[in-house]
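Both complexes below contain subunit A, partnered by subunit B and then by subunit C.
Moving on, here comes the complex of A and B:
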């Protein structure tokens, strides 16, 4: 009996989390590319007063009025940001920050007000702060499915318009696309994605679900379509894994666990994604620095030889070290392995000396030519 | 300097600085590629453009020149309906922009977009056709072919599938140009297409602009390089919140006009203008007279 119940809960939770991951991943991709990730944060925090108002108006923990309330206050916050940036001289980030703290403060006040009323259903509202997987009902999953399907349909239907709006809104406007309307549709859809995630992830961390899967996906691909698909997959995976972990281990708030899962995707992607991965970039930079150093050594040997009028001029390794203030041995050995240098025993007591080979001499001239310093 | 062979072709199309335009006829000047009346644009109660009257005849390469903050980009954006003016009327071949949208191509400033956007050169060029494809439809093979042809025209066909972040600044600019070409417009507006590009790209661009002109197109370009204005363009608008002067380059490009546009900010101007233009035009008469003298 108990096992059946937990299976049933798990299935609900997994489906809900997957839907949440898909919609927030898809819409988050556009938010990320439009440099509007912080809008997600503001919208989700601004959902809290709506959650409380929905609860107060419906007189209990009824999902639909709560989600509608969240959507309304989220939209109000977005409008507020728009007004602040258009009418005042505040920049977008300041406007977002003001809206976030104002709406969240109102929400917190309402939440404590409801708490002081000693309402029996109040326990359920706390779940909207950090999310609670176990509170998901089949009806909730159905609502999430409808909203996810709607946003996917909109994104597919207006794919090229959203793409152009995200890449070059000015050009989109010059073509006569209704940029303001598209902007509003996009913002409302992000608000919807956030609203359906509230129960699972909570208002505090929901923004991460908008940003993280998209940011991770961005690392792996050069195509918008692939990025959006991948973000949906990452979002769904982190949602399912996180929700299931939190559902199995009692006492873990769902939101933070899901967000930790999404963060793993981000960190792995940032480090290891081909081309854009930080690890590969670091390796490339080390390789380039070494190559530059060895070119420098080769050219200096060439110029020494040139200055002495003797292509076979032997340069002392110790002197090279002294000259660069670092160990030139690695560069010298590498040049030797390429056949540009040979080691000679010029004066035994002074240690090894290096002499340019014909190939090395030619290579140095080549390098100088490439740099526009042809001898 | 101003030995552009094509300028002579323009000599009797339009007298420069015919500011009385619109007074004679009350039509919206369909014979002018661009006709602006009394345009004022302000930002937070500060005027960015003040009482602009501006005419550009068809078939010219026109440069909009002025110092930083002169409102050059604002002018273009207002013409394209991206900024709402406080007052004024704008006509393209006699009709409003909304009616003429299909006949207008636009090259925004290269720095106005994020080039790290996940897309390819060909895809960006295809965006030029999004206005023609219609809602709920995706670009197909025909659009792709047109985009490829436009890329070829700017010498970028080899880079069609290249991620745009991997292109050099000049190559990115050429992609933007190809996107405007694919619009197949009559009037092109370009915002600093030659800013920060390599010499090869600058040559490609100017050749392309001249090709467009030879096909009867009008190209209106925000240009920042005073040294090259006279050799690249045949029409010129000097702008600094107001229109300081407009007309054929050889008439407008005078030391006096440049001083009035740039104020004291220009030491570099003295060199190029004095030998080429100012020498014969030193008596600084009204432009009309200078124009007459030149025509002889």
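Moving on, here comes the complex of A and C:
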């Protein structure tokens, strides 16, 4: 298998995939924060007619005109969405769906048209549907590098403005920032991110690459700089791993494999990120429930003792278990380990009993006080 | 008679156009409610996700024509939406990002499975996206002594099911689409109805999948109802117009695709888009042109009222000779000569002002004076 791919090709693929991951992570972060994820979906599907037009105009599979075409039709689709939402009664979701499906339909028509003109052309363009790592040339990597550098420069140049626009567009407008212009630049940036990934990931799944690394990075941090950096790292890693896997195995489309890698990052981040991780949240809620339960047991023991006028009143463990269900045993043991209870053998034939210690008595009074109930 | 009908049904042209038309009708019936509920993009998620259902059922049963396809893909479609909503409810990502994370994952898994088990799964990635409506007439079924394309039978049944669902739950669907809060308060269980709708969307998607593929289906689900939405305010009319656009797209798209020798499904979707653009431009009430005309008429009306008020306020003062003259419209109201002429012609035609020779003096008619008073002192109206 490995002999088929010289190191040179693999290095090409890896470099291209890294560039794709970095740019989609960085640019996608802003799309995610501005809740424009589905715009990315529309723009990536709308790249198809542009790919075909670029191919037709250049007369061959030449990456630069193809990507320029994709950028132009992506921008047109964004304009179309804007026109429909501003000047008709259609809502944003319908406008996005209309632009997505209509541009893609035009793309399929052009694709079949090219296929009928010459078959080699269509075979080359099919790579743009699901991505094909093997088809990438050194010249293509150079084109991707230039576009990535351009878009990163754009992000650095407008960092402050983009940050403000992402978190508080109303305030940005009131400061006199040209929000419409910045909006347009940011939309073009999403289109740029998509265009860079077209050859490796394809039009159908490129939208996921714009969202996934950014969504994964968002779980780990609250700071924009850290999020963008992490998204770039996640994007680059999933790009390289996915592209190399698909380049080494025959017949695996590259795009889906890269998206699967990115999804792994998303799932791991959603579950295990500190603070926001869903696993930690679940553990926290279990712990809280247990603590509440043990508080309740302690207070009940206190009130039993109080009702009997005897701080050393021994409560029967069997009765407690019956009252709370079996869970009471765990709570009782925990309270005992904290030194709030001691086990006594009050009446041998009736099994163990529990007695409040002085510390337990005080703790129960404290808890009742916290709840605003006079102890 | 039967023989004629039989040969008509089996001709490729008729089969293709009929399947396209039924896909259009079935999709736009459910699409209408997705558009009204502002969840159009869910159709995109569903139509991609059902591929996983199709592939999994295929790998498990090994059968190309199994009723499990319907169940599997309906489940896949509904599961996509449920997963996205679950993710959004965990508040770790926004709802739009949740959709954009879940369905590409399921779709990617499906494509990888197709690639890995390429020999066992007779689905090629190209057909998944574009469909093969051109071959629907090849595979036929006999029903009641009549042989007809299987796709036509399947999509026909789904169309009927969708129609039945809408007829039976019309009132409930209407209420949940326009006022979900009230529907919930009245105990209509909008959630159940919503998921039933999504289930039907998935069923429609899987049935239409062979014909138009995953992405073009979105065009059939969203574009016809959106076109209808631009034309009417009535729900039943929206359903009717949407179905009409679906049928029209198939009827027009097929010959166009043949003439240009391009993708049939793609062309049908393009024609649907064309219908939408036309409605966007010329819809009598909501169209761009109607909006412009209304705005222009409003501007002219406002200008007329301004002239009347100007004349009225100078009617009895010393400068009335100078102020109430044709030339003052340009010098005092700062209108361009064309604008001034237009407003004057309008006002004369409606007998609001009178022009007197030889000095082009303007006076109000009694009708014009009443109108000017109404503008200045609206509280006196009718008093």
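We take it that the second predicted complex is superposed on the first by the 357 of 375 C-alpha atoms of A that agree within 3 Å, B and C clash if a C-alpha of one lies under 4 Å from a C-alpha of the other, contacts with A are read in each partner's own complex, and residues count from 1 in each chain.
In this section, a residue touches a chain if its C-beta (ideal position, glycine included) is under 8 Å from a C-beta of that chain, and two chains touch if they have at least 3 such contacts.
No experiment lies behind these values; they were computed from the predicted model shown.
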Next item on the list: Using the superposition on subunit A, decide if subunit B and subunit C clash or fit.
Entry: fit
Next item on the list: Figure out whether A:89 sits in contact with subunit B (first) or subunit C (second), or with both, or with neither.
Entry: both
Next item on the list: Examine A:367 and indicate which partner it touches, taking first as subunit B and second as subunit C; both and neither are also allowed.
Entry: neither
Check: Which of the two, subunit B or subunit C, is in touch with more residues of subunit A?
Finding: C
Note to self: Contacts for A:245 in the overlay, against subunit B (first) and subunit C (second): which applies, first, second, both or neither?
What the structure shows: neither
Notebook entry, point to check: Thinking of the overlay built on chain A, is A:218 touched by subunit B (first), by subunit C (second), by both, or by neither?
Noted result: both
Margin query: I'd like to know which partner A:168 touches here: subunit B for first, subunit C for second, both or neither.
Written below: first
Check: A:188 contacts which: subunit B (first), subunit C (second), both, neither?
Finding: neither
Note to self: For A:208, using the defined touch cut-off, is the partner it touches subunit B, subunit C, both, or neither? Pick first, second, both or neither.
What the structure shows: second
Item checked: Contacts of A:35 with subunit B and subunit C, given as first, second, both or neither -> both
Check: Angle subunit B-subunit A-subunit C between C-alpha centres, in steps of 10 degrees?
Finding: 70
Next item on the list: Look at the superposition and give the distance in whole angstrom between the closest pair of CA atoms, one from subunit B and one from subunit C.
Entry: 9
Note to self: Can you give me the overlap between the subunit B contact set and the subunit C contact set on subunit A?
What the structure shows: 35, 89, 218
Item checked: Interfacial residue positions of subunit C with respect to subunit A in the complex -> 35, 38-41, 43-44, 48, 87, 90, 92-94, 96-97, 99-101, 104-105, 107-109, 111-112, 115-116, 118, 125-126, 129-130, 215-216, 218-219, 221-223, 226, 229-230, 257, 260-263, 265-267, 269-270, 272-273, 276, 280, 286, 288, 291
Item checked: subunit A-facing residues of subunit B, complex -> 44, 77, 80-82, 98, 101, 104, 106, 108, 112-114, 117-120, 124, 127, 130-131, 133, 135-136, 138-139, 163, 179
Next item on the list: Write out the stretch or stretches of subunit A touching subunit B in their complex.
Entry: 33, 35, 89, 157-161, 163-164, 166-168, 170-177, 218, 221-224, 226-227
Next item on the list: Flag every residue of subunit A that touches subunit C in the complex, lowest number first.
Entry: 32, 35-38, 40-41, 45, 84, 87-94, 96-98, 100-102, 104-113, 116, 126, 129-130, 204-205, 207-208, 211-212, 215, 218-219, 251-253, 255-257, 259-260, 263, 266, 270, 276, 278
